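Here the structure comes first, spelled out in structure tokens, and everything after it is commentary.
Labels for the chains are A, B, C, D and E, by order of writing; each one numbers its residues from 1.
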């Protein structure tokens, strides 16, 4: 068991190592074989990005925390709304069928296009931020949760039905725990998206944040290209962090799940 | 007079829709009246509609035609009044709950206090011999152990009507005999109405006041046999000639049917 | 009986939508949300803008849909293959799974300029963005479906010493189909969104290209016509997935 | 009441709060405001000014119109359609006195005069700054829909550098400098200067929510006065201004040398004829009319709105500054 | 000499890890040799480790200690050589396949032609009495019917070693008796080695050459009893005194254990 765990870590490290080697050789290839004058923008050397990353670590970290806090607020609101709506839709088949198509319509509205109108409705940058980030988080959570709620075993439903459990209890004790795996699959998609959303919202102006770093470094050209990549890297790390939080939450909340991806005995 | 019965099944038929849209008649014109505190067994070969009938009574299915009344109530009303305790044919445990938590599920729903839950679940775990496994999750239990959890869960709430679908089929003879006796003890103490599905004829005789024999395709209630053995019944009763007579009488109901 | 119920529900859903539109047309939203007429156009204005610009809109719509559909197929396909890889060799795939989710974490707006540099300013770069962002939802969902099997289902296969290919085709694949459809549903929206957002950068065609311009110029009616257009495209893609789902997994609990 | 009564305060009760929506990322482009705030000009007028950063997807005019800010910075030509549609905004000062707009191309693309743009891929900032380009094309009889491909340009110059664009829009103060920093020499770049071509349209101007203005004229005058002083001082000493701007910037993703060059270019646009506070933000009616005419011609607006600008505030402020 | 045995179980123990990290010993030092073509029953109360032992033989679990050999091969090698056919305690049907497709699953894996598949599945469906339900999906079948599908699926591939985990527990007496006879017929025709888990003593006697009695906590192989009843065995054998003697002999093995 232990051995297996550590070999898994080694595999992750191997992946990272392979990616870095590929990255470095790609950059080298662009620079020295293709003589691409856009090499720095297209694919700067990984070690250069890392060196920028560590040189400006303090500043990147501060911005990352800012973006993370915005993302977290949006994520929590969006996920909560997603869960709630999925429950309401499953709760009443009627409501579900009535609002589901409109939910899709709503989701299809391009967020960036909606921003001006949201700004004119809520009139506060902070509130607009949360609404927009929540909007993006909402859908994967709602869809996954809804499909989980719809797949509950007939027998398990019959059991609690035979106790004439109230709807509330049916949801608390059966529907929700039984859809937790699906919900978590949705949350795993949504958590990194929430970071994306927070950064997206920074395009509407903010004092600081990873998005602002990305914007600045794009605006001022090649000299900031490394900073751009370092910021993108930071953003990706934030996303991984979000994913990891959900992953551990899942392991914590669902002890009955046997170790997933159990190895086959072929 | 009709109110003398706890359960009235009148001309009940159940037709499922098959894959190709064709009809599968699971039950046809079943009539049965069950008195309060009666112990009834439903006996019949595989696929004859026993589970279907139990599910109709429990309001988990609606009959295609006919009517079911539970002490004057509709199955729905009786269910809402929480008169039912049900043991399913498969254990139907919630995999996110430990064994104890599974047994406590209906107790929580019926708003028992934490202490009551603890006491009742302890008692039930003891009865089905799983005290040591209280904090295990279902996947850690053997098939028979899981089935016993299902039984413990149904008995925990002390319902007015106990619907049991082949509860002992996965159990060995000794465990089974012990639980049969436990069930009879509980039944005689609490005067529940029990509807017990089984395919084991001797089990049906040992437990029941009456045995209802169902024959398949479509499921028809072909005989209702009174079991006038004295109570309390103990294990030795199985070796009496009366018992043997009933056994062969019921066997005969099925004879010829099996081809 | 169930059939008729469905129909009635759909009718009510339709009526609900109509009611919302009527409320909007009567200026209800403007009162409710305290909006000025120019901040939110009325349905009839949107409709007129739609009619007036129909030909141009269809050109842009086609462009964006092409990007989205191509990217969704590429991304979902790659994501699925990755999930398969991870399920087959969990030891190696596990680390890769983290990398795929890392890609999902890169903000679209940072990816668009990079992709423009790599693949030019035409469709290629937009398809690349869509591909990247539809990968993770598929990978995560498909991996879940490939590995979370019913108790003993895998044991059965093992007892046959079934080839890994048989385990895959006969067990893992059907078991993960419902999850693949969930992912495809998410990807229709993610994909369209990614296509539109990447057109907000260097571009010369597409709904996102038009939308970003038109809205900034305060041409709200036309902007909303494009918003409605995008929504219709999304629903179209979503419905296609739903219909395929209904036929592909009619045995699944969610379809009964 | 959706106007901007919020954010104002009785001067008796401490400083009046005023919000200014910038049109873009913090940079030397707004150095006059930072200068005035940092040097206490606003405080001296009894104002507490908040400068709100913009971004690529933010429409500053919209923010002013909905009351998220009292004042805003925007291109005059993009404000016009908002005013036409009835948004409660009005121009009260012109920050840039002339256009900074260039069309740049690499020498090897052979775009030596505007006529050569035909058949090329030309970048324009669609939605915010495309009209000067259209005006130029029109002047040379090039049909923007048929004779060339207009491409939506992002906030980088990568597309020009990697060759997917033949010509790109640029401001003297940033994009042109970015090209130089990317390694191009001035002689490698062909430049079409729209100001020289007579297609330049007025850019950064100061707008205000007119509903708020109706009740807060005195505050607006104070704000104007401090702002004009800020701009005058900043233009006189771009080095000092850059130091002040730097405090508002994210040091990690900015470059001070670039900001200084940036500031110097801005100074040329804001104070082309000397940095006299009373002449800052001057509203040149002829130039405004020229911009309106171009906007009308290229269908940015259908007709010239009744009231695009309000000169009264500037006059009051300028008077007290003399 | 050792090669005379088809299956050798040497000192096998199996310990599961419990929830709190504590050990659950399911099997302890089990020793058993099984000859080729022998019909062996594993008999024991619920939770004594019968399923565990079967899974160890089938290479679905690895023993904590001890060794299992199948005709000189390791369980893994035997499995890879496709010597096993297994009936699980629960039906384990793939819900996306119809009944026929479920039965055909191993046939597909073993590359039988379409026609062979059709013929075999027809024959198996006939045997378990489900011909009419060939095109149904599992959820449309009763519990006992599902279990019969699992039996049909295992018999379809005609494996060298048949591992059956309580295959008949959900079946009524008649269906059960019929299938028992079918199983014996197939066994005597094909000379398979059968390891049959049951908790039904009379079933074990009726079918087996030897009955292995397991006692629980931890699972220990406490007795191996030769069943020297003549073959072919027919239903009447159950009423012979020899049968009764064996019955009570085995019952005694369990006596006292049940408390």
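Here is the rule we use: a residue touches a chain if its C-beta (ideal position, glycine included) is under 8 Å from a C-beta of that chain, and two chains touch if they have at least 3 such contacts.
Keep in mind that what you see is a predicted model, and the values were worked out from it rather than measured.
Across every pairing of chains, the maximum count of C-beta contacts belongs to A-C. Put simply, the chain farthest from chain E by mean CA position is D.
Remark: chain B and chain E have CA centroids separated by 28 Å (rounded to whole angstrom). Separating the CA-averaged centres of chain C and chain D is a span of 38 Å. Centroids built from CA atoms put chain C at 48 Å from chain B.
In this assembly, the C-alpha centroid of chain A lies 16 Å from the C-alpha centroid of chain C.
Among the residues of chain E, those in touch with two or more other chains are 19, 59-60, 90, 137, 139.
Across the assembly, chain D contributes residues 57, 59, 62, 66, 154, 156, 158, 162 that each touch 2 or more other chains.
Residue numbers of chain C whose C-beta contacts span two or more other chains: 39, 113, 117, 151, 158, 200, 212, 215, 252.
For chain A in complex with chain D, the residues that touch the partner chain are 37-38, 41, 56, 59-60, 63, 112, 115-116, 119-120, 123-125, 202-208, 212-213, 215-224, 227, 231.
Chain B meets chain A in the complex at residues 55, 58-60, 79-82, 84-86, 88, 90, 92, 94-97, 105-106, 108-110, 137-139, 157, 163. Put simply, chain C touches chain E in their complex at residues 150-153, 155-163, 166, 170-171, 174-175, 177, 249, 251-252, 256. Within the complex, the chain A residues that touch chain B are 153, 155-156, 158-166, 169, 173-174, 177-178, 180, 254-256, 258.
Remark: chain A residues 7-8, 11-16, 19, 38, 41-42, 93-94, 97-99, 101-102, 104-105, 107-114, 116-117, 120-121, 139-140, 143-144, 147, 150-154, 181-182, 185, 188-189, 192-193, 195-196, 199-200, 203, 210-211, 214, 218, 228, 231-232, 235-240, 242-243, 260-266 touch chain C in the complex.
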